[in-house]
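Structures for review follow.
Presented sequentially are two complexes of chain A, the first with chain B as partner and the second with chain C.
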Partner chain A sequence: MATVSRAQVPAPAQEQSEARSRFGIPWRTIAIYVTLLIVCLIVLFPIYWMLTISFKTSRDIYRVPSLFPQAPTLINYETLLLKKNFLVNIRNSFIVASAATFVSVFISALASYSLVRLKYRFRGAIGKIILLAYLTPSSLLFIPLSVLVAQLNLGNSLHGLVIVYMTFATPFSTWLLMGYFKGIPPDLEEQAMVDGATRFGAMMRVLLPLSAPGLVAVGIFTFTGAWNELLLALIFITSEDKRTVPVGLQYLITGDVFLWGPIMAGAVFSALPVMILYFLAQRYMVQGLAAGSVKG
Partner chain B sequence: MAVPAAPLSARRPFLTMARREALGGYLMVIPVCLVLLGLVAYPFVYAIYISFTSRVVGDPGVFVGFRNYQFLFNWVSFNRALTNTVTLVIVTDILKFFIGLGLALLLNERIKGRGLFRSFILLPWAMPAFVSYLTWRLLFLPIGGGINLLLAAVGFDFGVIDWLGPRSTAMPAVIIATVWRGFPFWCISFLAALQNVPQEQYEAAKVDGASTWQRFLFITLPSIRHVIIVVTLLSSIWTANSFESIWIMTQGGPSDATMVLPVLAFFGLQSQRLGEAAAVSVAVVPALAILVFIVAALLQREE
Partner chain C sequence: MSKRNVLSRRALLGGVAGTVAAALVAACGGAAATTGTGGGGTAPTQANPFGSTVPTATRPAASTAPASAAPASAAPSSAQATSAAGSATAARAATSPAASGPITSTGKMTYWGGLIFSDDANNLLSQTVKDWGRQNKIEIDVVMINQNETNTKVAAAVESNTMPDALDMGIDLMLLLSNTSKLTALDDLYAKIGAAQGGWLKGTEDATAPAKFGGSRNGIPFGVSGNLLFSRKDVLQKANVQVPKTWEELAVAAEKVTKPPLYGMGLALSNVGDGNLQVSVLQSWGGRIASDDGKTVTLKSPETKAYLEWVTGAYKKGLFPPGATTWDGAGDNNAYLAGQAVFIANTGSVAITAKANKDDELVNNTGFSALPSGPKMKISSFGPNVRAIPRGGKNIDAAKALLEYLSNPDFLNKYYKVAIYGPVLQNQAKFDAFADPIRAGLLDLAQNGTAPGFPDVSNTAYADFNNNFIIPKMVQRVVIDNYDLDRAIDEAQKAGEAIYAKYK
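Let's look at the complex of A and B:
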């Protein structure tokens, strides 16, 4: 096999000429660009569709379907915010996601510092358990959680939802932060401790500032994870005034009439903050993603 | 942690440096351990227990042994959900692998605007999952949906197709939406791995006369093998347990054609039959556990 194909192997010089034709037209580069452009169009089309539908009246959506908006209108956003109480959903999501992120990043930062820097028995085992917990999907836990939440009287409350969200937020942020802390050499903190800083002081003044980008990235990941969560919120929130954004929107599609205009306006509203955050912190997000550890 | 050392060091202190460090360590890790114990480990064990009882909402029920599982394996919906879940995972994994790797190889070329393309390709991943599946449900509408319009615009006018309606097109449509949302994770992970492959190896292989294909097969693939396995396993775990994709697009319909296990378990909870619902999610634990343990071992070896 190897010998056969070896005969066909072009010399390096020939290969150069393959990439560039006789007339100097870089076909290979053009092919790459065309492929990438097509992929970008496929990626962008659904996003474009979400936007244009959000600017169309229901009449226009069904009676004069077209790829481009004919008479853009803000009526859907008006309906969504004034008649569908979407602002309440946004407020609820914001409260739940912020609280879940704050609590989970705080306790995770302590735990991951301890697991990465301090020496004691069982820390290897605890690290393993955290990873296993992170890989345990919520779809496995929601039935027992529903029983527990009912027993503890935490149902239909935002703080109950925050507590339940710890199931995925805590192992996730601890696992990610352990990765970030491991990437920072301990020498700097040791130096600070030699210079008289306490371990706590070294952590506060050396490690935390150095890992700030990591903390921000983990914060954003945890926030968006909680912001996007549908299954648990759907189970535990029963009254309209406590609905989070995903729950509010999914009730719009299960209603009698499909209000696609307002639904897409809501989709734009829920996607925008998250996508802006990702765009701003893209570099750190990609690092986290590239570690092969962030939910896709 | 911040205990002043001077007065203690006169006698042989009980709290030596090492012990103090360990004590501080335990104190800092305890909150997370409590959360894991109460909100992951206990519910997990509890789910297994419930799946062996006849529990319904309001009645803890009694221990029934394997009766719930016997019921499941004779239940058409469960078998269909199991087949669909496995199909969805395998087909989307294969598609995401080829699309992700192909694009990663293209983005690894030295071309202008690479960063911009990468940002665009990341967009589906940055979009909240429920928003993207809502949008796809809209796209697949017969009238007012974008897919039919787009196909007509580029010359494939199939008429008015309700993609998520009939059995024949519902599953393929769901697969397309899942791949659209999922491939950026594969692509970017592969790209990062490709950028870590040492260039010298390629140079050396070129000198030895290896073709592009041989270099790909004998240098690129082995170098990123680890990432391929981890990404495939992670993605399989997530796809198999994804609730919102199916719930938002089809709710498992038409007549179970796209039913998957998490949605079936959710319906079980809604109909208040907790024992059977728990059995639906616990039934896949053995398979899931194998995937989880392999990926956990790989991720830990990585360090």
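Let's look at the complex of A and C:
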């Protein structure tokens, strides 16, 4: 009886509170969907604007401020890909961002493990120094870095840029992974070591697989950061055939002239890999996080 | 928990190792490949000029040979043209102090050309430099640097001792580098080029006078930039308004033609280079930034107040487009190209863009004239762009020979036809490049314009003052923050004093 009364009592109250529209849809639901729609419009409109501009002629961009291209054209993509060799920029960014990401995530995983699991003097201070290294603005570091890069003969090279990016990506990844590793009970690795695994084996077989969502998240953040980085690439890369995507886009602005059509086409092109990566990895991250939530 | 939901160790390690290896190989491989094909080595580009131990390769005096010696067949058609154009200079170079002997280089040379909007101009410059290298059997890497990024790149290169052998720059950067002794004195080359081409134009001569640049000529001017007044002829005709000769007339004309979204005064009042046009307007009212010795800020004056009253009055009448106080460097261009501004002050890039956009209506209805004058004087400021040679380089003689080669009349006539620069030498005034209306305006500017900063002293403090956009900020204080005129002027005066105090 008690169960019945509990089920029955709230029902009228819920019905009373949920006023419905003439189509029978609760106003609350309508409000939620309208809010979501507005948020989606705010988020998606710049992307739509970017797309629509990329299909407009240069004249129409300035003179016909319409929501849809009046005379759709692929001329901006043609300019970008054939005259400006933008695919070379994409290739360079991909090489630099992926190399910097994988190397820094690998190093960071080892560093984070050491800082979280091992006990030695000054490890707290080292952790803070790593955070400070990440927090230092790159605009303050570009002069000292340029001296180092020149002395190491790494100027105007993609591998030089990978190493430069690692100076920012590694502290960032380490800091993020430290937080993630702290959330995983050490008992699991200790269990593996009791069963005969070495410490390194326990880390590789137990900790890292359980940390897959964290590794992926850190990887995505690092990749995106390296993909979008402009200042250092602008300083350290000189040759046209080694420019990364942000530098390539920057070079579409000369003086006070903005080539809006090719810039927007370039923005579409450069956004695609990151969007795809997020789409794929987000799914994987959700799976991993769900797996982690039922553990233990 | 399903095991499928966890990334397997083997898969993780395999993926990481594979991708890292591939990416690193690609990074290194890509670099190596471009070194070979592009001739633009990776590290050597920056490291060679000052840091490498590449042995000196002394070349025979091929550069001084007649044009027939140049491997013209190896160059594309535009290059052939420029090869021929440069032949006379190559021959003349034989007699120059800089190139009286064989031109030698230590390792690969690097030249940073100034990238401008015109692809034709960029390609012509790049090809001409390469031709020079080919003729002299000198390996030279030409890198076109976006002028928006030159300062940042030079700052890093100076600190890391990786400056190129020669580079293009604006006069402000030359001032900065000259005052820190980072440039090679080029007095001999400057005099020689001037003597060969009828002498330098007076404005250019004054603007690069040694007194302002550490006692020497530290750059070879190759073109002047400055603002012209662009106006919509069709709109003015419809309103029966003449092209204004004074700023006050311009405001009156603007009032007649302003019908939002079309605004009369498409002038930036924001914290960008274009916003500093207001410094010239203020000076044309008789206002001054500093005293005649360039050391004491004298902004607070009745003339400044009269100017500020005029400009803020025009703003309050709605003659400026919305957002003029926050425009970026392209704000006036965008407004004009969108058909939303009747008058703008521009270097000429907007006309080239309109032409490139095939906006015939705008192209055919755009008029060009000199900037208007103020109640006290006419300030139509221009700035020479120069080619310079960093101090301490290992290829200074070769770089001098290159700069002389790039000053030859045939090349520059072709260059001016596709770039947007006014002339710097007397003989260049006769170039057919300056026949078209925009470039005729630039010629007029080069001949009759006022030197940078005039009537103020264009020193480092003045450059710093402008870099802090004190005058546009003063205007913003009145039109945005509702300061009264005196309070805005007082604040600007104090800000200026703080800047000038740094250089006393």
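Basically, the second predicted complex is superposed on the first by the 231 of 296 C-alpha atoms of A that agree within 3 Å, B and C clash if a C-alpha of one lies under 4 Å from a C-alpha of the other, contacts with A are read in each partner's own complex, and residues count from 1 in each chain.
Everything below uses one rule, namely that a contact is a pair of C-beta atoms (placed from the backbone, for glycine too) under 8 Å apart; a residue touches a chain by one contact, two chains touch by 3 or more.
Predicted model, so just to flag it, every value in this text is computed and none were measured.
**Q** Considering only touches as defined above, state whether A:120 meets chain B (first), chain C (second), both or neither.
**A** A:120 contacts chain B only, not chain C.
**Q** Quick one: is A:29 in contact with chain B, with chain C, with both, or with neither? Answer first, second, both or neither.
**A** First partner only.
**Q** Of the two partner chains, chain B (first) and chain C (second), which one does A:74 touch, if any: first, second, both, or neither?
**A** Neither: A:74 stays clear of chain B and chain C.
**Q** Tell me which partner A:82 touches in the superposition: chain B (first), chain C (second), both or neither.
**A** Neither partner.
**Q** Is A:142 touching the first partner chain B, the second partner chain C, both, or neither of them?
**A** both
**Q** First (chain B), second (chain C), both or neither: which does A:129 touch?
**A** So A:129 only meets chain B here.
**Q** Is A:274 in contact with chain B, with chain C, with both, or with neither (first, second, both, neither)?
**A** first
**Q** Spot which of chain B and chain C makes contact with more residues of chain A, would you?
**A** The partner that reaches more residues of chain A in the superposed model: B.
**Q** Examine A:250 and indicate which partner it touches, taking first as chain B and second as chain C; both and neither are also allowed.
**A** both
**Q** Counting only touches as set out at the top, which of chain B and chain C does A:154 meet: first, second, both, neither?
**A** second
**Q** Indicate the residue numbers of chain A shared between its chain B interface and its chain C interface, in ascending order.
**A** 62, 65, 142-143, 146-147, 231, 234-235, 250, 253, 290, 294-295
**Q** Can you check the complex and tell me which residues of chain C touch chain A?
**A** 1-2, 5-9, 12-13, 16, 19-20, 23-24, 26-28, 30-31, 34, 38, 40-43, 45-47, 51, 115-117, 119, 141, 143-149, 152-153, 155-157, 159-162, 274, 329-330, 332-334, 337-339, 346-347, 349, 352-353, 356-359
**Q** Applying the document's contact rule, which stretches of chain B touch chain A when the two form their complex?
**A** Spelled out, the residues of chain B in touch with chain A are 1-2, 18, 21-22, 24-29, 31-33, 35-36, 39-44, 46-47, 50, 55, 103, 106-107, 109, 111, 117-132, 134-139, 141, 143-144, 146, 149-150, 153, 180, 182, 184-186, 188-189, 191-193, 206-207, 209-214, 227, 230-231, 234-235, 237-238, 240-244, 247-248, 261-262, 265-266, 268-269, 274, 277-278, 281-282, 285, 288, 292, 295-296, 299-300, 302-303.
**Q** Chain C touches which residues of chain A in the complex?
**A** By the definition above, chain A touches chain C via 57-59, 62-63, 65, 83, 91-92, 95-96, 98-99, 102-103, 105-106, 142-143, 146-147, 149-151, 153-160, 162, 204-205, 208-210, 212, 215, 231, 234-235, 238-242, 250-251, 253-258, 287-288, 290-291, 294-295.
**Q** Would you mind writing out the residues of chain A in touch with chain B in their complex?
**A** It is residues 5-6, 8-12, 15, 29, 32-33, 35-36, 39-40, 42-47, 49-50, 53, 61-62, 65-67, 107-108, 110-111, 113-115, 118-121, 123, 126-133, 135-148, 163-164, 166-167, 170-171, 174, 182, 198-201, 224, 227-228, 230-231, 234-235, 246, 249-250, 253, 260, 263-264, 267, 270-271, 274-275, 278-279, 282, 285-286, 289-290, 292-296 of chain A that touch chain B.
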